[in-house]
Every structure is written in structure tokens, then in C-alpha cells.
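In what comes next, chain A is part of two complexes: it sits with chain B in the first one and with chain C in the second one.
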Partner chain A sequence: MSTEARKPPAQIALKIRRILGGKAGWNGVAVQFAFAAILGWIGYEIVSNARANLENQHIAAGFGFLRNNAGFDVNQTLISYTGSDTFLRVFVVGLLNTLVVSAVGIVFATVIGFIVALCRLSPNWLLARIGELYVEIIRNLPLLFQILFWYLAVLAALPNPRQSISLFGLSFVSNRGLVVPRPIGESGFEAFLAVLAFGIVASLALRIYARRALFERGQMIRIWPYVLGLLFGLPLITMLVFGPPFSFELPQLKGFNFAGGSRIIPEFVALTLALSTYTAAFIAEIVRAGILSVHSGQMEAGSSLGLSRATTLRLIVVPQAMRVIVPPLTNQYLNLTKNSSLAVAIGYPDLVSVFAGTSLSQTGQAIEIIALTMGVYLLISLLTSAVMSVYGWRVSRSLGA
Partner chain B sequence: MSDIISSAYVRQDLLTERPAPVKTTGFIGLVRTRLFNSPTNILLTIVGALLLWFTIVPSVKFLMVDAVWTGQDRAACLTENAGFTVGACWPYIQAKLPQLIYGFYPEAERWRVNLTLILAAALLLPLLIPRLPAKSLNAGVFFFAFPVGAFFLLHGGGITGFGLSWTAGLLQLFDDSIIGAGQALLGLSKTSAIGPLLWVVGNIVVLVGTAIYWLIFPLTWLRDQLQGTGQSVWADFATTAAIVSLIAFVLGGGVRTGGRALISSIATFVAIAIVIKLMGLDHGGLPVVATNLWGGLLVTLVVSVTGIVTSLPIGIALALGRRSTIPLIRIFSIAFIEFWRGVPLITVLFFATYMLPLFLPGNFTVDGLVRALIGIALFTGAYQAENVRGGLAAIPRGQGEAAAALGLSWWKTTSLIVLPQALRHVIPNLVNSFISLFKDTSLVSIVALFDLLGSLRASFSDPKWSTPSTAFTGFAFAGIIYFIFCFGMSRYSLFVEHRLNAHRRN
Partner chain C sequence: MKRVTLALTLALAAGLSAQAADAQTLKTIKDRGMLSCGVSQGLPGFSSPDDKGNWTGLDVDLCRAIAGAIFNDATKVKYVPLSAKDRFTALQSGEIDVLSRNTTWTISRDTSLGANFTGVTYYDGQGFMVKKSLKVNSALELNSASVCVQTGTTTEQNLADYFKANNMKYEVIAFGTNDETVKAYEAGRCDVFTTDQSGLYANRLKLANPNDHMVLPEIISKEPLGPMVRHGDDQWFDIVKWTLFALITAEELGVTSKNVDEKAKMENPEMKRVLGSDGNFGEQLGLTKDWVIRIVKAVGNYGEVFDRNVGAGSPLAINRGLNNLWNKGGLQYAPPIR
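The block that comes next holds the complex of A and B.
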């Protein structure tokens, strides 16, 4: 008389129920149907209303307008553009301008942010208070306020080109923007680029080799003299052999304006200044929190292993701090990119300004244009978050191992 | 004893006093230990002092010393007339102050704005001070009653019906749309390849629509009867009050325990009746001030308070949806949150200004301010959802499981056990979101609404006050206002955080 274990009940039905309705079971399925019906109804209302409204306003839906002539000028273009180009080209020009101002802003914001963070962490009382003051003031004022402040108050108060402020006779600051020397490619340019590329690749290979030697054979290889030679020495020799890679065209004051050189428009200067100082305040807080998050015992443990202070910082403290810093830092970079859309307030020709602003008012294709604009930003942020989740996965894997 | 004293190793006389240790407290100590303790630090201190000298001193000089305090127009603020390099031009702010605070709100009606602001402060302050009682009543008045009252105060106008006719009208609109959709499907089925399927679906939709029509028929019939009477607002009000109180009574537990619900329902309706009577809403109310006349700090505050009040429920709903196990709701919440968080606010405002009107029926126009408010509510709602989700994640599983063991339903578990704890946890984060919302309201000036920054920018173009220092003065003034609000909120958030973590301090 043996009692056999009862078979477990069939799991398939339960599993289907769980997949379809979650923990709520068939109630969940019913809720989903009601929700889908409401969504469908809203979608139907939107589509039918939009169709009727567009018909009333005699606007043809669709992306055909992108091939029409834009017929307006843009005052900063990275690729050649004239008024007779298409709206598609306007889109590309605006997108490139957005990316440029974001990239420049990110570089400056990171530099300023790290400096302010170091100030705040400094044992010097005065510097720490100055860093705190900077962060508090900048963070408690709206970004648009700061952009307008730089553009309408500070840059507008600069003298006109004839009385412009000269920086060592090379660059000139005036209310028409910043004029800098323009590099012009010379005969040695290709060779220089090739050697530079080779130097970078070789340095990376050297680093990989040295790391492998360290981890597999425990052999320390000092690579920085070679890297220095590859990155600076080799291009220098090439310059001596093939001649200088580029020369600079200096700006000259002719009449009421400058001839020669490249002009950086004041809108760009104001936007970069405001974006980088604003984001820097947030970056400073992130960096500070990251460095403070590393326990002081780590430093002591490093020195008890016989590592020097610099090596402890480089090998033990910074990698741990970076793990805390990088995700919110990326978030700030993303914020800066999204905030660059405030360019529309001062007329810097970014994506929102030329495409969702000027093109929209010229064509009236609101749905297509705003969808495209939003799509671009959405794509950027989704790509970034995808990269960040890969990073997070790698960090958690290295922590688990 | 005596031989110990005589031992050679015991000192016979007192040591001379050593000098006191270097002072490390107070101002002198601070200077010694944190400012001038090493050559590097001395250098850094000098650099810092120079930095301050070149920023703070000119600012103070501009704002106070060199400032012009009185005058009638730009002439007072010109260097030629003042006789010195002119700093801030304060008469300009004096002249523009009404515009910066009220916009173009008619002068005779400005008391309404002041009254609203006083009411808001009177309701908000007790809510922020933890020690004061009756938080839920206070919060209820601030989050539900105050916005409605503020609307009728600021905008003006009256009402022609009440709850019953609004509900009936809304349901009828909804029903018409469903029947319209069904008929559109039936029309499509004649030409489409999947015609029979569309025909079946269309018929079902029409059937549902018709069923709803008969279901709401008593309501619409009652509304038509009430509209016929002379005092339609009060008749409607009485009917609504009776119906709602009855429902509250029955749901509250009937004769046994429903008394409390009945009393609070009646009290609410009496309060509403007093407000309606006081403001004369039943016969036109206050004169209408269209929102395009609003401006300045008024718009900034209206947009931010509306954003704060509307984004929180949206955020809670989305956060709960994102944690739900029901697939469609979770996917929808994730997509919704990630979409709004992925796009810049300015494109959201463009969306609300240019795209939203296209999505609404042609005869239905939405006010420009309301459009911006909708955009901001959706945008901030998505951010609040992530904050609330953080709070929900911080609540241990055991809380929900214990509630389930007590036999509480999902709704009761969430509203009585999980949410109150989760929201308490994230008050600092919520306040930080409100700070960024307050700062972001300045963006509405880009879509042609004149908030504080927009009004300031508009005032720059007035030739009567155009001087070299006008722009700096204006920015200094607006900057101080923004700073006071944001800094105040951030200090409050720190205070709450401190209070919440009181048990963790040692």
C-alpha cells in the first residue's frame, strides 16, 4: 500500500492564463479588451478628425513636401545649402547643427563640470564654497533664462566689429559673433591624417597587448612613452618631412566687418555657453556623488597593497567611481542634446528652429514635421538608453564575477 | 609609599605648561586649517578670492551702488544725465512691474489675481508644514476644489448646468462617436477586401452604441426636463447632489455605516453651493478675462501649479501601469513614458500647439494656454511616473503580501498600503521634479504665451526704456524671482528628506 505522489495539475492552461492576463488572470484579459477598445476608439477619433481638418485646410497629407523647394536661407550650415534646396536638405542641415552644438556643449560641460566637482571636493574652504555657489545659482535658474541672458544681455552688449575685442590678434569677439582663424589644407594634409590614424590604431593595439601581458603573464609593460611617440612624435616628423598639414587664414577687419577666417555666429556662442554652464552644474553634482561613493577604506587598502597614491586612484578609485558616474552622466548628455532645442528661442538654426519652426510655418504640414522632429530625438534617446543598458549589463556581470 | 617617591624614575617637580594646541575651530582655525595650510592651498585661496572679486564686486556695484532708483523714462538711466556709469535701472522695473506680474490682465480686475494668489498661499502653506493637522482635507481642497475655484476667479464666466447635464452631454458625445465609428466601418466594408469581417465588427459597434444610447436615455431625458425649468442650474445642482449623496450613502454601507459618507457628501455640496452663490456663477459669474490677456508671473504660476496638480495623478497611474502584470497595460505604460521622456519639452509644446487642434473635432477649439497645459501635463506626468515607480520599488514585497493575506483587494492594497508609503518615500524626488517643471514653464514663451520671461523679453522692446543696462536689470529682477522660488523649493525638499531619514541618523 504505497501512496504515490500526485501528479501536479496541468500547467499549460495556467501558463496561458498568466501570459494573456498577468496575475489578474481572465479578469486581466477582460481589462485588456476594454483598454484596447478605448485605445482603438481614441485612435479612430484622432484619425477621422485629422482627416476632416486637413481636408478643410486643403493640406495634402504625406511626406511629398520634403522634395519641394524650401526657399529660405539658413545662417549656419555645415553642408552646402541654398534657398533653392529641398525641405529634406533643410532637415539634414538642422539635424547637423543640433548635433554640432550638442557635441561642443558636451565637451565644455564635461570639462567645466569636472573642474567644479573638484572645487567642491577641494579641502580649500573658499574653493568649495565657490563651487557650491556656482551649482546653486545655475541650477535654480531656468535654462531658457540663461540662454536669453547670454544672448540678449551679454553678447548684445559687446562692441560692434570695428571695436571688437581682439584675442592675441588671432580671434575677434564682437556682437556679430566670434571670428577665428580658418585652417586651410596644404600638401602635407593627407600624409598627416594617415600617420595620425596609424598612431591611434597602433596605440590601441599596444594597450591591448600590454593588458593581455599583464593579465596572462603578470608582466608589467610601460607603454606610455611609446604611445606619446606614436601620437605626437610621428606626426611631428611627418610634418617636418612633408611640410605643414594646414595653414591658418587670419581674419582681417575690412570696412565694417571681417574678411577671411571663420565666423561663429553669436547664437551658437550664446547657446553653447548657456548649455555647457547649465549642464556642468548637474555634472559637477554627479561627479562629486560618484567620488564620494567610493569608500575611503579603498584608498587605505590600496596603499596597504603598496600601490602609490596615483596608481590607487587610477586603478581602484576611479573605476569604482566611474561605475556610479557614467549612467547619470550619459543622462545629462542626453538632456543637453534635448535642451539644445531651446535654440529656437534665439534663432540658432537647429532642427527644431529651421524644421519644426520655419518649415512648419511655410508648409503647414504639422503632423509630418512634428512627428519627424520628435522621431529624431526619440531615436537619439532610445539609442543612448540601449547603449547604457549594455553598459549596465557589463558592469553587473563584472561585479558578479 | 615613601620609597616610591624617593625612586629615581618618579619625577619630583611639575612639568612646565605646554602651549595650547593650534586652534582649529572658529574663524582663525578655519583660516589656518582650510585656507592657508599649504602653499597649494594658499595659491588656490588667492585664485578663489580673485574670482569672487571679479564677479561679486561688480554685481553688487551694478545692482546697488551704481543703480538709478527713481525716474520717469529712459533719460534717467543714461550716463549723460546721471553723471556716472549707470548700473541697474530700477525705475524701468517699477514701470513694468504690473506687466511682469499680471501681463495685460485688466487693471480693474487685478484683485481677482491677488485673491487667487492669497488663497493659494493660504492653502499651500499649511500643507507644507508637517505639524499642522487635517492634511487630507487640506490636500483635497487644494488639489480639487482650488483649481476649479481659481479657474472661475481668474477666467470668469458662469455655468449653465451642473454635474448631471455635463455627464449626460459627455456620454452623449461619446455615444455619438461610437455609432459614427461603427457606421464608418460599415461604409468601409463595402469596398474592403475583408468586407464581411468589417461588416460584423461594424454591426457590433453600432449595436453597442445603440445599447449605450438606451442605457443613458434616463439621464438625457432628465437633463432635458431640467433645462426646461427656469432655474436650470439650481435644479440640476439639487438633482446631482441628491443622486451623488444617495450613491455615497449606499456605497458607504447603507443604513448601518453610510451616515458618515452621506454627511460628508452633503457638506461638500453645501460648500459648492455657497461658492456658486458667492461668485454668482448661476447668472454669469465674473466678467470673462480671455487667457491671451494673462501674462507675467501669473502665467508662470498658473502653468506650474496646474502642471503639478495634473501630473501627479497621471504619473501615479502610469507607474502602476508600468508595474502591472497585465501585458497590454504594461506595454502601453512603458511606451507612453519612454516616448514623453525621450523628446524635448519644446517639441511637446509644438505638438500641443500645432498638432493637437488637428486631432480634435473641427468645431472644438482649445484655448492656447490650455493646449500648452495639456502638453506640460503629459510631459511631466511621464517624469513623475518614473519617480513614483522608484517609490513603489522601494516598498518591500512583504507589505503587499501581508495585505493580500488580510484579504484586501488589489485596489485596497494599492491605495491603503503601498501608495501612501511609496509617495512618502519619494516626496523629495517629486519636489525636485516640480522645481524643474517650474523652470520649464519658461518654455511656454516660445509658443506665444507671455509668462514672466516672455513678458520680460517683450518689455525690452519698449523704446521708452531702452538703455544699455535695461536688459541686465530685467534679467537680474527675473533671475531673483526664479531663484527665490526654485531655491525655496529645493530647501523644502532637503528639509523633507532630512525628516524622512530621521530614523537613520545617528
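The block that comes next holds the complex of A and C.
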């Protein structure tokens, strides 16, 4: 083959022909372009038609409403927000609420999922049956029902704020949520943060050094005492020198509710519980399948080397299983994020509730708001997929596959 | 709920062309043989289905009156239950012909939604309901309270305004539907339930022990509730508007569902005009000469509709108050039929 002799432009043209045209060659390319043009034209017609008709009917259009005052309040905001802020800020508030419940849900779902999977695979009869029962019950009930169950069951079980359950007089549990003391930065706060950051970086560096020593020179270095010192000892000494980094504002019952302190609202708890336990049932099955996909000889090889069952799992089986686990696990993460939009049923102020719900009916601009909301979910999902792909690629690479 | 919104939005985007050009709502309804009427998902007194699936209520009776005027048959109505946040999209997309769903008339809704209010069926105002055990007697004592509210309503914004104006703090918990809001209030998630005062009385009936709860005296907003129609069909706008005026006029003249036939035979000139033996106002609307008789036979006059659904003859037992006729101390007033 003398492809080197060909000029580069011709190569590009050929490549296009091969990719787009397939066996049909240049005719195929023409068909592809015609098809794309028709699709584009249909899309343009839909948009311009809707726009013209909205104008005819004097329905407000465009994204100008994002700068208008929202005029309503939201009960969980990660950034400061009042009723006199704009719809754009409502959008950000809702988005952050969606992200936080998804992130926390994903962490819990993964942990619970792995634990349940290991239970199901355990040689202990009781543990295995409990794991099985969990999966079969949770994954066979509708999620919305589970969310409502957690919300109403949790609410019904909790007392009102005046009779709230006190945890050592510091935290209080009631049907208004969990109130905990809120840390307030003091004079030693910056020094404390700096030392803590140094401790974390130094520990990571130490770990990399230790791994290299193990792989290159076969030298085992025990690093955990140093890490302990860096992460806890050093900050402790700083606290003694510079004074306490923060003090706590204690919650106090005033009128109807607690004033002061930080509060975790019951809607958040119920939604996180429901989303993570539900998704965990699916993750458990994925993990189990992944682990079973690793040849049983690997487990036997591990025990013949004298490794315990736990160590064999951790060092030999799970890393190989990850290759099978990661792609379907990504799907579950995406499902969890999308399912978080069921929040509206229990009044958790997520993106769908405050933006595609309240803002939509305050402004009546359905097309813009729904398009924006769908775009955001798409973006979140694509980003999650991208991160998981990178992780999956790293897992495969480390196995030399 | 999200799916409903999405479906409606897609219908809105794709189907607008058909709706905008075609301004013949009345003809469409006649061809279909049914009036499509947007109502609430269940608010006693205004629109709620009974155990047999029959819809009753003040808002429902307006739909029945319109159907009576068109078909001489009040049952030819298809009811479409809508949540607060889906209602405007359903109207814009042409899913319903008229929205009769305790909707507050505001300038922004009248100007930016591509729809018009046709009148006021019920003068309401926003109030608060609390448990009697809280020993609260005024809304001004609600500092730091948790408030349950239905999302997508003017209520939510009034609430923010009221607490801000009075320098009080509060926590808002907003739910998608009325039933979810009431359930959370009953479960103790919040101290206060707020909506239009008529709605408070209606929802109180749904609670396990209605007498443990009280409606606070303050009314914090004007909530004129009325039906809405799409822009672009003035004839249909007139029909819905004058159906309500016919109900009010009938009460003014003492025409009821029981005596309407006798009244039609009277020689009183105003009575003859209204009940169609003189002039052709009904035909000018696109209806028939006896349109008012049909309406009154279908549902009675405004007073009868009010009493049966929300007034003395109903479990809600709400006073006529602002909703009395203009000559009896209220605000209900209809331009003359002449």
C-alpha cells in the first residue's frame, strides 16, 4: 500500500467518503447530507413556527423573564436567596438542590449497594437471605411510593418541635427536620484550614511515594501512623496554638421553630433515603454480577496464597469485577439523578419543583423553561457519563486490558 | 406531573399553529359534541368528583351552564383535572376550551399567557389555617412558623410579600398538588396551611377532625377567581363572559330553575328581553334565543349555584359576603342584557 504517496486532502476526502457514504460511496454521502438538511429544516420550521404563533397569541417569549423578580421563597437554599431575587437565581438554587441530593444519594447508594451485594454472596446463610430479601422487596416497589412512604412514615413518627427529641441538648430531631449546632469561624479558622489542607496533600504524596516504593523496589512502608499524625495531630496542635478554629451556634426553640443552628429538612432526608435505598438494590445486583463474572479460580488462587477472603476480594476480585460493573453502574447513577425530580411530590425544592414548577406557572413560559430544564438534565447526565467513562478506562488500563 | 407538563409543552410547541389560525372554538365544540373544561384535581365546593365520578362545584357549574347554553344539555362536558402549574399550558395548547379552576385574575396572567379572564365567579382572598392547639389568634403571631402551600399559585407570592412586609420569618414548603399540601399539614410538617379562604374551608372538611383547626381572620390579598379562555376568538370570549352575566342577571330578576318557565311567559319587558321572547341577543352570541332559559334550567341562577356548592346549602356554609349581588351589599354585578 502506498498511502503515503497520496496528498493529505485526498485522504481526508476519502475518509469522509468511507465514514459517511459506506458502500454507496459519494452517492451515500450526498444522501446523508440531504437527510441532515431535511432534519435541520424541520427543526428550524418547528422553532420559527412556535415563535411566530406565540407572538400572534401575545404569549410572552424569550429568556428575558430570567431577570425578573421571582417573588416566592424556597425552604432549602445552598446559596443566599430571598423572594426579591431573580428567576435566574431560582434556577441556580433548584439546580444546586438537585445536585446535592443526587450526589449524596449516589454515595449512599453505592455504599449500600456494595454491602448488600457482598451480603448476597456471603457464605453466611442468614446474611445472604437478608441481602436477597432487600433486593427483591426494594426493587419491586414503585419509587414514588417509596418516597412517599419514607416522607410520611418519618414525619408521622417524629414529634412536633415543642416536644422534639433532644440529643444531649445540642441537636434536636422533630418533624421540622434535624437541627444541629452551626460552626462559626473564629480567629484560628484560617490557620486551621491551611494546616488541614497541608495534611491532606502531604498524606496523598506519602501514599504515592509508598506505592512507588512497593512496586519498584518491593519495599513495604507503613504509612498510616504518619497519615494519622498529619490529619489529626497537626491540626490539634494548631488548635492549641492559635485557639479554637470555630465555635458553635446552638439551636434554640423560639416560637414555632428552632432559631439558630443548621437544619436538615425532612424532605431532603426522605428523598435521599428513598433514592439511595432504591438504587442500591439495582447496584447490588450489578456488583454481584460483576463479582460472579470473575473466574472462581481467582478466589481460589487468592486463598492458596494465604490471603483472607476479604483481602482476596479487595485486591484481586473487585478490581477485575469493576470492568464489568462500571458501565451499568453509570446507568444507575444517571437514573438516580433523573429520579430525583420526583422530589416535587414531597415538597423538596429541586430544579423541577422550583423552576419547571413554580417559576413556570408564575411566568407561563413553558417552552423556554422546559427546554432549559431538559438541557440541564442532559448536561448533568452527559457529565456523569464522561466521568464514569474516564474511571472505567482507568480501571481497564490498570488491569492491562 | 413532570410528564404531563412535558406532554403539554410539546403539544403547545407543535400544535400552536392549528390553534392560532383557527378561531372557531364554538364550531369545534359543536362538532366534537362536548365542551372540554379544565377544573381542579379536587377542591370541594369548586370542582370535585363524587364517588360516582360526577363533578360538582361552583367552577363545574359554570362549565355546565356553558354546555347548557350550547347543547341544551348540561352533561355534555368533558372535565380535565389540572394541577395549578399545568393549567395554563393546557389552555394554551388547546387541550381545554375554558379554564374554570379557581384561578386568580392578575395582570400578568391576563397579559402574558395568551389568554383572557372573562369575569369573576367568586371574590376570594388568601387566608391562613392553623391547629387550634397552637393558640394563635392572628396571622401576625406567625413569626418563624412553617407554612405549607401549593406550588404554582399566587398564594406563594402573597405569602412572601406578607411575611416580608410584617418583618416576620417563615419557612415555606411547597407541594405539587392540593392533596399533598393538606396531607403534609395534617402530618404536622407545618404549622400553617395557606390558600384562598374558600379553599381553607373546603380543605378543612378533608381533615380527620375539622374542628381542631381554625381559619385565622386576616385576609392578606385580593383573589378574584374567574374563568379563562384563549386569545384570538372573541365570539367564544363573549359566550363565556355572558354565561356568567346571565347567571347573575337571573338572580337579580328572581329567575330560578323552578320558576323559569312561568317567568318566560310574563309580560315584563326586561324579562322578555333576557329570556329571549324579545330581541335576538342569544343569536348574536352564536347561541339560541332561549340561551338564558337553557342556562338557568341547567344550573339555576348565580345565587342557587352559590348556595348549592359553597353557601348555606353546602357543608362549607360560606357567607355570601363579597359575592352577594351589588344591590345587596356584594360585588356581583352584570352589565344589562339589552
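To be clear about the criterion, the second predicted complex is superposed on the first by the 292 of 401 C-alpha atoms of A that agree within 3 Å, B and C clash if a C-alpha of one lies under 4 Å from a C-alpha of the other, contacts with A are read in each partner's own complex, and residues count from 1 in each chain.
To be clear about the criterion, a residue touches a chain if its C-beta (ideal position, glycine included) is under 8 Å from a C-beta of that chain, and two chains touch if they have at least 3 such contacts.
This one's a predicted model, so the numbers in the text were calculated from it and none came from an experiment.
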Contacts of A:196 with chain B and chain C, given as first, second, both or neither: neither
Residue contacts with chain A in the superposition, chain B compared against chain C: B
Touching partner for A:267 - first (chain B), second (chain C), both, neither: second
Which superposed partner A:48 touches (first chain B, second chain C, both, neither): first
Which superposed partner A:313 touches (first chain B, second chain C, both, neither): neither
Partner chain in contact with A:370 - chain B first, chain C second, else both or neither: both
Contacts of A:352 with chain B and chain C, given as first, second, both or neither: both
Touching partner for A:28 - first (chain B), second (chain C), both, neither: first
Which superposed partner A:206 touches (first chain B, second chain C, both, neither): neither
First, second, both or neither for A:126, with chain B first and chain C second: first
Contacts on chain A seen with chain B and repeated with chain C across the two complexes: 46, 49-50, 53-54, 56, 152, 156, 341, 344-345, 352, 356, 360, 366-367, 370
Chain A contact footprint on chain B (complex, rising order): 30, 34-35, 41, 44-45, 47-49, 51-52, 177-178, 180-181, 184, 324-330, 332, 338-339, 341-347, 350-351, 354-355, 357-362, 410, 435, 439-443, 445-446, 453, 457, 460, 468, 471-472, 475, 478-479, 482-483, 486-487, 490
Residues on chain A engaged by chain B in the complex (per definition of touch): 19-24, 28, 31-32, 35-36, 39, 41, 44-46, 48-50, 52-54, 56, 122-127, 130, 136-137, 139-145, 148-149, 152-153, 156-157, 338-339, 341-342, 344-345, 352, 356, 360, 366-367, 370, 373-374, 377-378, 381-382
Interface residues, chain A side, partner chain C - complex: 46, 49-50, 53-54, 56-60, 71-75, 83, 152, 155-156, 160, 175-176, 254-257, 259, 265-267, 341, 344-347, 349, 352-354, 356-358, 360-364, 366-367, 370
Parts of chain C lying in touch with chain A, wherever the complex brings them together: 1-2, 5-6, 8-9, 12-14, 16-17, 19-20, 84-85, 87-89, 92, 108-109, 111-114, 134, 142-146, 148, 151-153, 156-157, 159-161, 164, 170-176, 180-181, 183-184, 187-189, 191, 230-232
